[in-house]
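Right, I'll just put the structure down here and ask away after.
For clarity, chains are labelled A, B, C and D in written order, and residue numbers in each chain start from 1.
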């Protein structure tokens, strides 16, 4: 089985950080990939009362058959309190049932706007982009209609840019007061950005990204160095607690025993359980 | 049991006429009351392939448990091919799935507009009408969105008026060319008016009501005399065939054995079967 | 433009501030009515004509007494008759200011003498719509959009006295109606089955119940039976209303009686007819017969269970067996 | 404003003229594809990412060959990979002109090398939307309205390159987006169960399949099993698509494989990965590996049954048993 210990991968830390940010008793609209894993971890640790909503239409599934490979797969339906389709999920979100949207992204700017569509010049090269990403999926909708959003992504300088190649999912737009409301968007906007290096929030007035906590091994300077724009610094930047043994065991043994989604340290071994 | 014979009531004739107008293989959005009975009769006689849609959301129920008392009752759901709710029924209609809307009314004008809302001055007395009728229910929606409508009602002079007290369900509006399309309505408009005295249609150009067939015992003159506006006369007005024994037996013995909906002749007796 | 109930912004804010977690929401009907309904509220009435009307909750509201209510529904029969009848005979105890609706009558069981009495005397503020209009208004509310486009009531006089707006479609250039969302303060619904958290299964037509639950600020559900969550969620697609759209769950067997409830009971036609016979005296300004009914069946009983006890068991079984015959193929 | 597929008026007219009666619609997949799909059509792809993708129909379309197609979907994985891959390796036989979509990739199974190959070389006309935008567009089509109001993609660059229009809400005065209806020429869907007339039961997420069926001019349904009408309608509320929205019903067991189908089989992850490994060679302009795949699995077989026969029984049973574990409480 797995040898739990003090060693862990940045991806494990990322998932654990995502999990800890989630509050018990809240309704979380869960995006695909990292948010699914973090939500499952939160439910199995400090926040068993989280209600997960999946964009393919399931509300609050039991999630007892293993980690879904898709936000629409069979594992999101079993034991659910409601299952319809995409329209129903997004309509509930527009109505206000989802406290948090939890979503990944490829590129982010200081105001929490996200890009998951393309790299290259927009609009000129839209039909022939340098790199074509998958597209919005439900990310734009979550950003438009969830009450708050939590963003989760690897912390790399090329992903944290002052100006995005393309805005897929609106954050605080240009950061001006009331910009979201003026645009017709619902919800208060981005709440946290969870990365492999830090927990970031947003300044109440300027809506610019602000460093709140550093991941183990990181400093304010190292986080800033990995960020393509200037971060605001919270007056009380704290160190984020490293993973607990329980959290690591839960990821490695229960949630993702095959390491399909979350990379384990080299020496963490696992039997074939799937 | 019932003694079938040559005797029948005007209401029985009305239901039979309504039934005969329905074509096999068509989708009929069935209003409450007389249209339900006529549709059931058509399905049990010449048009077994009619698909009935009910506004509470059922599509093509088996209708083998007896005549529904409501377009939403349990009898409209059993054996159905689809059951959702009111929105789904009307959305399918807007989409174009319903060939005919089959509906009753309290008052009609020469262009097939219907009133089922109020008698009295409108808009002055809207909040204190001389007679308050039930309101549109689904009638206005059927008239707005079914491809054609078939109207069924007792033929009384006070119900056939040149100007309605209130337009609940649009027919040809003012009869001008393209009036429905200009107003944004879907469908071609009223197809037939089935009454206790006649089968009426509408002139292709003027969209005014036109006498097509007279019920047994009626003449063009007697129909006109019972109508509060001038009827156009078809060059080939024909006599509508009286009820067949099969039709009468079907109503009296199968569809409405208790005479709850359709009055029988005095001497037609029935055992309590309900 | 004015809104009854909540504006779209208020409706969103109310939901954002609410505890939407999966909690045990079982309570008594009296507790639910006391907690969630206030004077002046806009209350949505579930069911359709005499199908699954929330009769038990209406009786409880009448016992409680409310002032200046607005009621919103597509088509209602006995629920509105009971509420309107209470206003007719005891306006100081129970009063309706306004209705937003498409139909108030009884289909095969005839017109509503109560509605005629109140409307023809100008005692109600009326906003007529069509069944689809009202259904679409609840749906807009449920979807979190301020309006939905529809065809009806184009070409009808309904347009003149309601808040719908006609616009030119920016894609097709043809006229289309926008009906404003409805966000009632409270939705009152009766369903077949729920769990302790408020997940609801509806059999037969869902009418506009799910939309009402999603659109309203609060939802009170009565049900024929409460079953454990684990049982209810074995077939998740049976669930028509998710728990977070529900605030109170009350098990009230026969809670829609004398209206019908698929799989449980068909109409009590005779009781509906006798209510109407008593209500017809209103048109002659004679309130005594209807008052006697309320004394016997509503004010004279502690709760809906006692109302059901006023019927002989054999009569209750008659409606049960009538309904069993309605879907014999299931058995 | 331009429309792809049918305009709202054309879509209505097509349905009005159609025989909507309850007829036996069983046929072979080849017959269905021949009869209902034409060059230049806008085809809606059912399912969601790698859930219930209409793979059998896509394979049949690829064998048939089509030109200048438009594909509309919210999120697609293997269906679009197969179709796009066909264009990449045999553009004279199969070509895509345009896609209207929200997402083309594979969630946990990674990006789509096919999409990157086609898009980064400018071979496709793109119209990006969000998942809800596309779903709402099909829903508008299904509802018979020319648009629906939504919040997204306000504030996003999606707005700049799509046909959505921003308007000021006439009720609230705030901006809202109107997304135009989508009326595809054909919808291709895979479901769990259907009857001979086309009534469909969907288990798990319905994705946007019912809306697509209602919005499209024609709908081809493949299903795991056809059961008699009388059995299917015992629980009418299980039915997600009514027969009159369906034109062809084809029983194709494992018709969504290697994507998943609730109650029948989970993903064949290894096959999806191996397809991607072959497709990655496209980015180096090497079409041979992917062509070999098509030769073996699509062009080299007569029909989808033969494709399924290429898998060892034990592998097929593995996916079956994986799926059985996904809802053990049911059993």
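Simple rule for what comes next: a residue touches a chain if its C-beta (ideal position, glycine included) is under 8 Å from a C-beta of that chain, and two chains touch if they have at least 3 such contacts.
Fair warning: this is a prediction, and the values are worked out from it, not measured in the lab.
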* Structure fact -> Chains in contact with chain A and also with chain C, listed by label, are D
* To do: Could you give the separation in Å between the centres of chain A and chain D, each centre being the mean of its C-alpha atoms?
  => 28
* **chain C-chain D separation of Cα centroids, rounded to whole Å** => 39
* Approximate Å spacing (C-alpha centroids) for the pair chain A, chain B -> 57
* Tell me, which residues of chain C touch at least two other chains? -> 144-145, 150-151, 174, 176, 203-204, 230, 234, 237, 329-330
* Asked: Where in chain B do residues touch two or more other chains at once?
  -> 58, 62, 77-79, 83-84, 94, 145, 186
* Answer with line, ring, star, complete or other to describe the graph linking chains that touch. => other
* Structure fact -> All chain pairs satisfying the touch rule are A-C, A-D, B-C, B-D, C-D
* **Residue numbers on chain D that touch chain C, as the complex places them** => 1, 7-9, 144-151, 163, 165, 167, 169-172, 174, 176, 178, 180-181, 202-204, 230, 234-235, 237-238, 329-330
* In the complex formed with chain A, which residues of chain D make contact? -> 48-51, 74-75, 101-105, 107-109, 111-112, 115-116, 119-122, 124-126, 128-133, 135-136, 139, 150-158, 160-161, 166, 174-177, 203-211, 260, 262-263, 266-267, 269, 322-323, 325-330
* Asked: Which part of chain C faces chain A closely enough to touch in the complex?
  -> 11-13, 15-16, 19-22, 141-145, 197, 199, 214-215, 229-230, 233-234, 236-237, 239, 241-245
* To do: Within their complex, state which residues of chain B touch chain D.
  => 24-27, 49, 51, 58-62, 77-84, 91-97, 99, 145, 147, 186
* Taking the complex as given, what residues does chain A use to touch chain D? -> 32-33, 55-58, 62, 65-66, 69-79, 83-87, 90, 94, 117, 122-123, 126-141, 143-145, 166-170, 173, 180-186, 260-261, 274
